[in-house]
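The structures considered in this document are given below.
You will see subunit A twice below: alongside subunit B first, and alongside subunit C after that.
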Partner chain A sequence: MVLPSPEFTIYSIAYGSSLALLCLGLTLTYMTAKVPNFAHGTLAILGSAITLILIDRVYYQFKGEPLYYSIYIVAPLVAFLIVGLTALIQYLLILKPLAKRGVGVIGLMIATLAFDVILVNMLTMALYLAPSAYFGKLIGQSLKGFDAGISILGVVTTFSRIVMPFVAVALAITLHLFLTRTKFGIAMRASIENPSLARTLGIDVDKVYMVSWFLAGGLAGVSGSFLSFIIESVKPAAGSLVIVSIFAGSILGGLGSIYGALIGGFLVGFMEPMTTITLQNTLTALLGKAVIITQYQRLFSLLVVIVVLLLAPQGLTGLNYRGIIGRARRVGGVG
Partner chain B sequence: MASLIARYPRLQSLLIVVIAAATIILALPLLGLTITDVFSIAIILIVVLALNFMAGYAGIPNFGMALFVYIGAFALAGVGTRVALALVELTSPGFIELLRSSYPLILGDSSSFEVFVRVAGDPMVNRIVTRKVESVIEASSILSLTLTLAVFGFAIIAGALTGVLASLAAVRLREDYLAIVLLAFSELMVSVVFDQTDALAGGPNGAWVVRPWPRVGALEGLAGLLGTIPDVLISLAVGLAVLAACFIYVERMANSPMGRMLRAMRDDDLTIRVYGRDVAVTRLKVMAIGAAMASIAGAIYATVYIQVKAADTYDRVTWTFVPWAMMILGGMANNWGAVLGGIIVYLGRKAIYYYAPAIASVISPILGVEASIAGDILRAQLPNILVGVLIILVLYLRPQGIIPEKPSKTLSRREIEAIT
Partner chain C sequence: MVEYMLSVSNLNAGYGKFHIVFDASFNVAEREILTVVGPNGSGKSTLLKALFGLATIYSGSVIFKGSNITGYPPHVKARIGLAYLPQTDNVFAELSVRENIIMASYTLDENEARDRIEEVLSVYPILKQRLDYKAKSLSGGERQILALAMTLIRRPELIMLDEPTANLAPLIARDLIKKIVQLRDELKKTVILVEQNARAALEVGDKALLMVSGKIAYEGPAGALLKDVELGKRYLGLR
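Presenting the complex of A and B:
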């Protein structure tokens, strides 16, 4: 077995952190609307596209200057607002009225898929037709060259990869404090758990759901903004593959707990590149010739979905750990 | 008029059919529809009927249709090419050796096995060998018939198996999990496994197929009456025949005890569990049949669109999303509705495609983009956006679709009296 390099491990941690935020958002919307949002991957790509446009219009001229570092604050913030609003529009204009009219789960799912197709194609149109200052053609560009380099303890990496995990942890802690320490946060948990009871207590469930969708979209925007420096090229169609990893992380997390989503998302995002590269290096060493399997990386996510649904459909948070430990003890005692 | 429809409720659907037929006839010359358009409509309608069987009647949210259609195309591009080469090599031994000596630069140092891999995996070898093989296959009606049977046999079996495999992980779970798994499986198989592996069917470059129909040229000698018929007409005839067969099958099935069971499962799976039916097994059966139907559609499609590229041609929007839109517009769990919706959406997309340059010439000065570029982009994106909007509007305004679901047919009074 050949272990991945520290550089690659940092990359995987950053990717895992951004996926954790995406899974958190998906789970949040799943818990409120009771329907998986098939457009969530594209919401993240919208965040990436916003970062791309910011660099193209404003930041390319500051490249190398200290001012350039402000992009790591400005881009996620702008993406948070715009993508959050997009998700809110999706909820208010599509899902809420349809659910009110009694459209079933299948209808709601195809509606989110429809929104995904609309979003992807509008984004494609915008990126092709928008006049560009720097790139010429915005679509399909790689932003890797626009990520500030940094070296820590001799490991050469990039700024976004270092910042991303901290941002994810900070956002997770903020959300935790929000949900447990503030009145609105507690009302939010109540409305998600039992909407009718919450309504009886005078909680505006509707407002809570709106905030959930805005937050979910916003987090997807932040995540996508950082992802834009990691993925090969920023193109709208990329969302259709990212969504598979988002579902994998969320299903691993149980689709019913935001803490599960954070853990599941990070695990899938971290393990996906790490497993692939380890397998690739090991195969190369064993066979004595270069083997490339990184293009199949996403199959790991599919594998996670299939294995989790076959063995423990309720995910990590739904497992009966006491039972498992007890059984392990008993087996140990017998053995 | 309104009172007439109220008195004769059947008149309403008849009226819609007449209007739809008139629309089609009127739209034909206007949009420059060709025989390949009619062919494409036939193929997409088979896919819509398969989807209606799975989603409309059985309640399986199949978000992975694209994969099943692609499997059929793969039966030609990945399997058919190799079967054809094997057939030629078996009947006239030394064919591969001849290829090697004719193209020493390309095939000189390839073993026979490598030739079999590269005939679908390497674009250059694929292009040369498929043409050579096709000319041999064409000459013999037995060879071409064998190839046709092999290709369609593979499409049916592999399609059914893929349908079962794709849904296996979530077949016992709720619909939303099933939808996620089907989408993820289809997406990754088409755009990662098949599109990234050259050895299967050319990867991103795709592969040209060996057209399988029993050659009219060979039959000509026997019949002496038919002139040479263009391939596309044979494909069209087969497409229409399969469409008719699928329609009759799904329609008859819907009115059989099996169909009633599927509807009961869709509405509440507890009802069929009470009667001792296994939801998972029933769903797997439906997946196998529906996926096989979609796979046949893909195989016929590839006989006309003979360059098969996985992610490029068999993309999620065209083969999963658009069929869903057609079914929802026409009316889920209604086959006439599915057909009507299919034709309307196809013509609608075609019309937008047709008028896109005109729209582009208006907006391009405002945006400061060249009209031709804007036209190309509008052509590619606008139909998809409008289909997305259409789905949401139909779900909001008329969730049951143009022709709503009918209660399943029961025995006529005379038949019931005859039994009792």
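Presenting the complex of A and C:
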């Protein structure tokens, strides 16, 4: 077995962190609207596109200057707001009215697919038609060259890859504190668990749902903004590939717990590239000629979905750990 | 004319097309326990839900302290002094006892909330020891006490309880019934108590309704229904 390089491991950690945020958002909206949002991947790509436009319009001229580093704060912030609002609009204009008319889960799910198609096409049009100051054309541009380089302990990597995991951890802690220490945060958990009881207590459940959708979109925006430096190029259609991994991570996390989503998302995001590259390197070494399988990377996520649904449909958070440990002890003859 | 706490006349209610309660009329006086008994499926719970606005009222009227509240939505009824305690899912299982109580005081300002939480915890000291436990880890009896506490925080005048002792062990159920009497005697509340456990509920009730197939078959003193051998044997399983 040929293990991945430290550079690739850092890349995988960064990718896992961004996927953790995406799964967190998907799970949050799943818990409130009870519908899987197929547009969640494209929401992330919208965050990537916003970062691309910011660089094209403003930041390319600061490349190499200290001021350039502010892109790592400004772009995620702008993406947080715009993508958050987009998700809120998706909920208010499409899902909420449909749910009110009694449309079931399948209908709502198809509505999110329709919204995804609309979003992809609008984004494609915008990136085609918008005049570009630096790139000439915006569609399909790579931002890899715009990620500041950094070397840590002799490992050459990029700034976004180092920052992303910290951002993800910071956001997860902030969200945890919000949900457990503030009255509105507790009301969010209460409304998710039992909306009718929450309503009888005077909690504005609608407002709670709106905030969940805004937060979910916002987190997708932040994630997409950092991903824009990592992915090969900013293409609107890429969202429909990312969504596979987002579902895999969320299902692994159990779809009912935001903490499970964070863990599931990170595991899938980290393991997907790591497993693929390890397999590729090993096959190359075994066969003595270059084998390229990275384009099949998503197969890992699909396998996770199948295995989890077959063996532990409740995901990681639904597992009976005491039972498993007990069984392992009995099998191992310990205790 | 006596002003009643709650006056219901010719109430017809149900869910959508399912007409369940027929032509119900009765009154509840202040600081009284009205016990509602009857066989399974007789419409007791639907009656409560209709009074609180959770089931559809087709016709009839509900007068609370002199004002007509028939069509008010639940959250408005909660604000003007009615409380409804559902049989199940009446606490947030995943939230701690403390968080549940905070949610019950959601609409109050901070100082007011603090005072009322303090007040309710002194009525139910058992909850003080469980503040940081998740509600799902409480016993059935403790859970109902938490639900009662959450109801009391909003200082309702009329409390409607839907089978609070269902699924409780007999001793715990008896203890909970004592707490319901305490609502009337010490906290000066008016109570409508829907119960499966007819004898215990009739023993503490001032007035009683017997519901059979969605209609009120008896309205009068609770003690008299308890002594009525014929009705008791036929509908309530009492000897």
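As a working rule, the second predicted complex is superposed on the first by the 333 of 335 C-alpha atoms of A that agree within 3 Å, B and C clash if a C-alpha of one lies under 4 Å from a C-alpha of the other, contacts with A are read in each partner's own complex, and residues count from 1 in each chain.
The working rule: a residue touches a chain if its C-beta (ideal position, glycine included) is under 8 Å from a C-beta of that chain, and two chains touch if they have at least 3 such contacts.
It should be emphasised that the depicted structure is a prediction, and the values quoted were computed from it without experimental measurement.
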Partners on subunit A (subunit B, subunit C) - clash or fit: fit
Contacts of A:173 with subunit B and subunit C, given as first, second, both or neither: neither
Contacts of A:328 with subunit B and subunit C, given as first, second, both or neither: neither
Partner with the higher number of touched subunit A residues, subunit C or subunit B: B
First, second, both or neither for A:190, with subunit B first and subunit C second: second
Touched partner set for A:155, first subunit B, second subunit C, both or neither: neither
Partner chain in contact with A:202 - subunit B first, subunit C second, else both or neither: second
First, second, both or neither for A:105, with subunit B first and subunit C second: first
Minimal inter-chain CA distance - subunit C and subunit B, angstrom: 19
Subunit B residues within the subunit A interface of the complex: 55, 59, 61, 63, 168-170, 173-177, 179-181, 183-185, 187-188, 191-193, 196, 316-317, 321, 324-325, 328, 367-369, 373-374, 377-378, 380-382, 384-385, 387-389, 391-392, 395-396, 399
Touching residues on subunit A, where the partner in the complex is subunit B: 35-36, 38, 94, 97-98, 101-103, 105-107, 109-111, 113-115, 117-118, 120-122, 124-125, 128-129, 131, 240-241, 243-244, 247-248, 251, 295-296, 298-299, 301-302, 305-306, 309-310, 313
Of all residues in subunit A, those that touch subunit C in their complex: 183, 186-187, 189-190, 193-194, 197-203
Residue numbers on subunit C that touch subunit A, as the complex places them: 74-75, 78-79, 84, 86, 89-95, 99, 102-104, 106-107, 150, 154
